[in-house]
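Since the structure comes first, as structure tokens, the remarks are kept for the end.
By letter and in written order, the chains are A, B, C, D, E and F; residue numbering begins at 1 in each of them.
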């Protein structure tokens, strides 16, 4: 069964991102929300180097825009809350990391 | 002026310890309280390797005992709340990291 | 699909409750249903009737109440987490001999069984944590 | 020496308020004085009159009240942080047209100026954060 | 509700006492036993610190978490998984843990999560 | 209270919006101006993320922090220090920051803290 992993903390304020990457399987997806969107800063790209091409990466644009992250990282697909809900349906479950 | 640095988070739940070590001067002291006492586990000793002998390291024994940390790390001097107050007086100010 | 939502962060202190509210609106807009919203840990403050944010800021407890009325949502606040944090309904105020109560309209105090049951009966459980 | 204490974590959610209470007791026992205890951010929940923890757990708001009465402590809850989080005294309840109020006895709502003034007039300010 | 049997996993990631997360997670786990649902617990990151023995939480006015952890077995919640990397990063030896646990490396953690119907995080 | 002049430092360490810490710290800073006390602000760790331009916090139902940050200058709070390491770890260039800031390396941060009478942390 596939999983949508939702991360809402920066790499500095919690080990949520690190732990989620340990827990990811091929075919899963990763969604950054709230302070989690800061992980799309290019300086943090090494965190995602372990991920295979079979893990899709998303970020919530509402949270990115709120924080002035307008030059979106090309490795992440921006979605809105409707997209968040659609992803929650497409994957068999949602796991939150905070 | 000297500073008592008080840290109440584990190395994993916050960058409080790391940031406090950046901010420390010779003659300062460091006190671990609440979840901060877990940093006395020997596995975390490398965090303190930068510290000079001129920085005294303390831990609050109430919090260590609560968490089953009875084999106290010899690099840390155990104190109770009265000792915490005395340290707060001895150093010119207290800076909390959380 | 049937969703349940779990909120464990307090409004104004964390973004969890505001995010959960936005997510819930989208769930309903897209034609899915919400079996229950369960407020746990600091999330219980989402059910405070006394929260009084400045007028130019969103009133998150009031927005939950409004969404609940529009869509007959079941907003359950964990009773054990709530009473220790000072969120009481009329019954609990009586039990603990307190003069007032502050659980907002459209919220109910109940036990953790409501969270487990929501997990069993929902296709998706989405947690907004602090 | 003159101390002031700052608490920014909520009881039961973080250890901040409980630690601050223990520290304050030692300050007073050792013959120092406490100019003020200032509750900010989630620390404002320390002043909830409705907090009803189980009988075998400590009632942190009640312990603050008791310590305040014994030592004439000035327990100040930040008014802006409090009202948005649903901690109101009688005045604020009237201002926001709320039916109840829940600020515990021996606590006062006031502004951030009380924190700055405490910093100026105290020899030591010790923050217990969440 | 027998037709609704689902596999549940509770992920624990926080140290005890400093926040309410550890106790909140255990309270949920104990509630599950009433519903007779398949339940596993996973201890990752700082949550492995919950498993250290000899807590004396009365020194800080709290109740021992160990008592609640010991209740898991009584309630037949025996699928207890522990992240091996989290233990070793903190220098905790498996023989210091009195509960009957299964150590998992990172690949096994991903596999455990993959096979669950629902996951709750704390 | 002129005889009571003390130097104060507010240490900011948290990202904006996800928690109230950034706003709480700024509200305290603006309050200081009324008391005419010497005040410095230090941005470390995730707090440097507060300094990115073009916030649109209305998308998440909050008020822009940038407006409050801009008020610091109006209130003559001009001792704004930023941890150089925190910026570079996040790939933020100093020229992206519109406020008039002073970059500090780690030794200078220790020296700044050393010279303060009181420090408040957020």
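Please note the rule applied: contacts are C-beta pairs under 8 Å (C-beta built on N, C-alpha and C of every residue); 3 or more make two chains touch, one makes a residue touch a chain.
Remember, predicted model here, so these are calculated numbers, not experimental data.
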item	value
Chains touching both chain E and chain F	A, B, C, D
Chain at maximum distance from chain E, centres defined as averaged CA atoms	F
Most remote chain, CA-based centroid, reference being chain A	D
Euclidean distance of C-alpha centroids - chain A vs chain B, Å	34
Chain B and chain C, separation of their C-alpha mean positions in angstrom	38
Inter-chain centre distance, chain B versus chain E - centres from mean C-alpha coordinates, in Å	28
Centroid distance [mean C-alpha coordinates] between chain F and chain B, Å	25
Two or more partner chains touched - positions in chain A	8, 12-13, 15, 34-35, 62, 93-94, 96, 98
Chain E residues counted as touching two or more neighbouring chains	17-20, 45, 60, 62, 118, 121
Contacts with two or more other chains, residues of chain C listed in rising order	12-13, 15, 19, 22, 41, 57, 125, 127, 129
Touching chain combinations (by label order)	A-B, A-C, A-E, A-F, B-D, B-E, B-F, C-D, C-E, C-F, D-E, D-F
Chain A-touching residues of chain B, taken from the complex the two chains share	12-15
Interfacial residue positions of chain C with respect to chain F in the complex	12-15, 18-19, 22, 56-58
Chain C to chain A touching residues, read off their complex	1, 3, 15-16, 19, 22-23, 25-27, 29-30, 32, 124-130
Residues of chain F touching chain D in the complex	1, 4, 6, 8, 20-21, 24, 27-28, 31-32, 34-35, 37, 118, 120-122
Chain A-touching residues of chain E, taken from the complex the two chains share	11, 13, 44-45, 83, 85, 106, 109-111, 113-119, 121
